[in-house]
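There's a structure below that I have some questions on.
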Amino acid sequence: GGSGTKTETTAKASEKAGAESSATETKAGESATGGKLVMVTNAEFPPYEFHEKNEIVGIDAEIAKAIADKLGMEIEIQDMAFDSLIPAVQTGKADFTAAGMTINEDRKKNVDFTDTYAKAAQVIIVKEGSDIVEPDNLEGKKIGVQTGTTGDIYAADIKDGDIKRYNKGMDAVMALTQDKIDAVVIDREPAKVFVKNNAGLKVLDKAFTEEEYAIAVKKGNTELLEKLNGAIKDLKDSGELQKIVDKYITAE
Amino acid sequence: MNINEIGTPLIQVQNLGKKFGDMEVLKDISVDIYKGDVVCVIGPSGSGKSTFLRCLNRLEEPSGGHILFEGTDIVDKKTDIDKHRQKMGMVFQQFNLFPHMTILKNLTLAPIKLQGKSSKEAEEQALKLLDKVGLKDRANAYPNQLSGGQKQRIAIVRALCMNPDVMLFDEPTSALDPEMVGEVLNVMRELAEEKMTMVVVTHEMGFAKEVATRVMFMDGGYFMEENEPVEFFENPKNDRLKLFLSKVL
Amino acid sequence: MNINEIGTPLIQVQNLGKKFGDMEVLKDISVDIYKGDVVCVIGPSGSGKSTFLRCLNRLEEPSGGHILFEGTDIVDKKTDIDKHRQKMGMVFQQFNLFPHMTILKNLTLAPIKLQGKSSKEAEEQALKLLDKVGLKDRANAYPNQLSGGQKQRIAIVRALCMNPDVMLFDEPTSALDPEMVGEVLNVMRELAEEKMTMVVVTHEMGFAKEVATRVMFMDGGYFMEENEPVEFFENPKNDRLKLFLSKVL
Amino acid sequence: MWEKLRDDFYQNFIVDDRWKYIVDGLQNTLKITFFAVLIGILLGFVVAIIRSTYENTGKLKILNAICSVYLTVIRGTPVVVQLMIMYFIIFAFHDPGQIFTAILAFGINSGAYVAEIFRSGISSIERGQFEAGRSLGFNYAQTMLFIIMPQAFKNVVPTLANEFIVLLKETSVAGYIGLQDLTKGGDIIKSRTYNAFMPLISVAIIYLIMVMVFSYLVTLLERRLHKSEH
Amino acid sequence: MWEKLRDDFYQNFIVDDRWKYIVDGLQNTLKITFFAVLIGILLGFVVAIIRSTYENTGKLKILNAICSVYLTVIRGTPVVVQLMIMYFIIFAFHDPGQIFTAILAFGINSGAYVAEIFRSGISSIERGQFEAGRSLGFNYAQTMLFIIMPQAFKNVVPTLANEFIVLLKETSVAGYIGLQDLTKGGDIIKSRTYNAFMPLISVAIIYLIMVMVFSYLVTLLERRLHKSEH
């Protein structure tokens, strides 16, 4: 993160937002605030976004900061439940959301997505020694997901699946370690982090689905969308994007 | 008959009726109360004594009839009843002193707020009256620090502080321990001697006999009998009154 | 002196003391109550009359002294007080009928549960007693459907249904409308005529004069004076008693 | 406007049978509430008896101390924290199912409040009733059983019935342990349709209707108790 | 065991200054609770006055009807649903900040309960007080102002103080709108350390201490009010 783009934890940040947005009320436009971009995310999704040292950090957070730097704007990151992210963007509470969000048709109806910035997949976490070895084994099992994620949406199609929807991926993982459920379907990178931090868990080799992440903005906000796409392209071309990803992912 | 019957009555009750829902508690009551009258109302429980008294200052809204107080029909909705109530002191069985104020504050609140008296003026008057009932030294006490008899004497003084033209009493001694009844009745007796007009609902037959100018027997929503005290108690005519007197005397 | 002073007393109160915290309400009281005695206790409010009466069946735990009831010291913690209470009927100022039961159930509950009587037996006795107080037709009513005087008569019958050896009354008519006092006193009068042993805290001087075998004046935690009713009321010796009588008579 | 509402309705409830989230959630909400109330009443009753007995007789000292701790802890912490502790800590190594966990957590929570309802019910019975019982010769337990309890219970029935309403609303945080109750049902729809209005308002209306119907029943009950002759 | 606890403590609170999540969260919790109570008392007072006036005099009919709807809706739905409606629907197009939204939602919720506290405070004053005031010649408003309200207010002060405790616990669901309150603070730590015990129990203990301290203050207050001579 560069200077002047320090993220803050939600509470402080939002207070500041309140104060500043009233000060810059005159600048009516698509963006919720003036010279500042408000991003919402669900900061329980390592390595893409998570709390560390009273900041929200992670791949998405850093990409967002880099984009803001490119656009010469300030960035402010707010944390909320995953299923609230799109409503927050739709209602203008935030300018965009970068939250390891997969592009899908339903979402496209409600928000506009930028070009993708990462490949992703929904994978299956199980306990070591589990009899679940591939996606087809999930039939009839208790499956934990995070409410509103693509994992949740696709898991709903599993035959006889007993879906337990948690507000946070971590709660699903904790339920798995406590044998309350049989498997967790969640995005690959967070899955790796969870498995690393919790002994006795593993990620199945075969992914549940393959997909792509993108940033979402309010429907019709083409001005911002184009700016974001431009910035993402720059970041990709300059290799900066890869550097950010490497910092969080390939280190292990 | 009545020695006080001179000039127009202070209170003229005309065809007063009061219903609670379907229950007719007062039925077509007409009675005149003159200046200086001490009217004692007796009768069995539930006969409507309190209701009658409370209609007099419209604490109960009459269902029919008129009550002329100093010439004004106070049953009329257009009458500013608050104004007339200032001239009608009321004393309750349960005292109803204001527990969050000192005695002095209890006595001066209404004169100050309603009659525009200065604190000083109001307090002087209050202390004078307190002295008369022997409670001057309790001026700064709170009601809960007083005995029942003391509370009731304060309640009487509170009403007197407004310089009322008539005093209404609803069983003022019924909530008192027996040895305190006397001190309250004494205050009322003095009031009567000073020619205060009074309407007193009471079970104290001795008081009625001695102090009243007229005693009225209420039963079933009517005044069944009315007379001077001696005649009333020694020569009751109505059967129900006879029965009632046989029980309580 | 006392016509009933034959044999051992039914209740022997010896050096009875009672404190509430630091306040000594009863101070070293000794008195004997004989079979057939009708003891009336009078005195100013707060003098300890109720406390004395309630110590007699240990509704209040005495702080000192002994109470021998039929020879057993009921102050002793080892005594099964529940057993002795069955022999001591108690009548309260506030009636304390059980509002969730019919009159008949009120009367038969204790005899059935405590004396092992059959329902039939208990009901027969209850109805007989109800008849005596003129309330047989209300057997299936609930307490709230009765007047105060009726309630108190039922409360007396409830105590009588246990065939007690003594009846304790705590101001049984103080909560009643005046015209209902008589009916309750009549029942008590009959009981006295049947030689029931009774201890009665009361403000009804007429009753005490007429019915009591002994009248006691309590003040400041002592019995200040005790005498036969005529002497007691006509020749009071104690100054405080004189003052008290002057107020209430 | 009308068009839009109809379209929203279609999107939020008809497509993919999304109304099922609501219906399933409602069932769970009712199930949890009902059983939690039962546990709460049972627990509260026992605690109230222990505390009243201790207050009146000085007996049951240790049980009373335990009850005090229970009341302090449960009344001193938010129910959602209790729920999570129940799920992630107490049942860390054994899973009795989310519904059961929720029932237990809400039941134990409710018990602490019901205990106070019962206790105030008992102490609302005039002391004279107790004395009348004792003076007839009944012992403490008999007096409670025959005389105090029947009256106390009648007094608190409406308040107890109200506890159902209180719990109905409280269970709305059950989603914290991944359980799909009514509120979570709305949440799930919201996460599918990215539309907050329709699911949230619908959920609110369903709660409102349930509370109003139940309040009405409580009123009827109160009136009947009032009318009954005793 | 002891070692493990110390280690857990270090992991959960010391590493990365994680205790800050708790402290920040606690601040938000207190801030929300405090201001929500203020709003609640203000709102509840106004509503209670309107309803009492209507009951006693038949005036203010329309205001009274509005109050009825307010009470029914707020008391008929869970606070967490109200919070989400406030955030996602009512403030859909203008964001006053999460803290402000929470304060408003909890304040409006509290107001409905406080109104009932006030109303029962008013109706706990014996009718005789009202009649004594009126019979001296005071009008309705004067009687309320000089005689009823001062007594009612004194009666309900402890219950009002209690409302602070109630709200303190209720704000634990503020995390639903992404706000970092005390409970959410513990959640964040939990999501970093994969350890439920230490953060959850710590959060519970902090709530418990706050509630106990505040309850104690309420008791002191009650005693003082009781002692005061009036």
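Order as written gives the chain letters A, B, C, D and E; numbering starts at 1 within each chain.
Operating definition for what follows: a residue touches a chain if its C-beta (ideal position, glycine included) is under 8 Å from a C-beta of that chain, and two chains touch if they have at least 3 such contacts.
Computed from a predicted structure; not experimentally measured.
Shared contacts of chain A and chain C, meaning chains that touch the two of them, come down to D. Taking the mean of the C-alpha atoms as each chain's centre, chain B and chain D sit 52 Å apart. Centres computed as Cα averages put chain B at a distance of 47 Å from chain E.
Computed centre separation for the pair chain A/chain E is 34 angstrom, with centres defined by C-alpha atoms. Counting partner chains per residue, chain A shows two or more touched chains at residues 84, 87, 91, 174. Shared interface positions of chain B, defined as residues touching 2 or more other chains, are absent. The multi-chain contact residues of chain E, meaning those touching 2 or more other chains, are 88, 92, 196.
Applying the touch definition to every pair of chains gives A-D, A-E, B-C, B-E, C-D, D-E.
Remark: chain E residues 72-73, 75-82, 84-85, 88-89, 92, 169-170, 172-173, 183, 186, 196-197, 200-201, 203-204, 207-208, 211-212, 215 touch chain D in the complex. Residues 82-84, 86-87, 90-91, 106-107, 109-111, 144, 147-148, 152-153, 164-167, 171-172, 174-175, 178-180 of chain A are the ones that touch chain D when the two sit in their complex.
Within the complex, the chain B residues that touch chain C are 44-45, 177-182, 203, 244, 247-248. By the touch criterion stated above, chain D contacts chain A in their complex at residues 87-88, 91-93, 95, 98, 175-180, 184, 187-188, 190-196. Looking at the complex, you find that chain A touches chain E at residues 9-12, 14-15, 17-18, 21, 32, 40, 43-44, 50-54, 78-81, 84, 87-88, 91-93, 168, 170, 173-174, 177, 194, 197-198.
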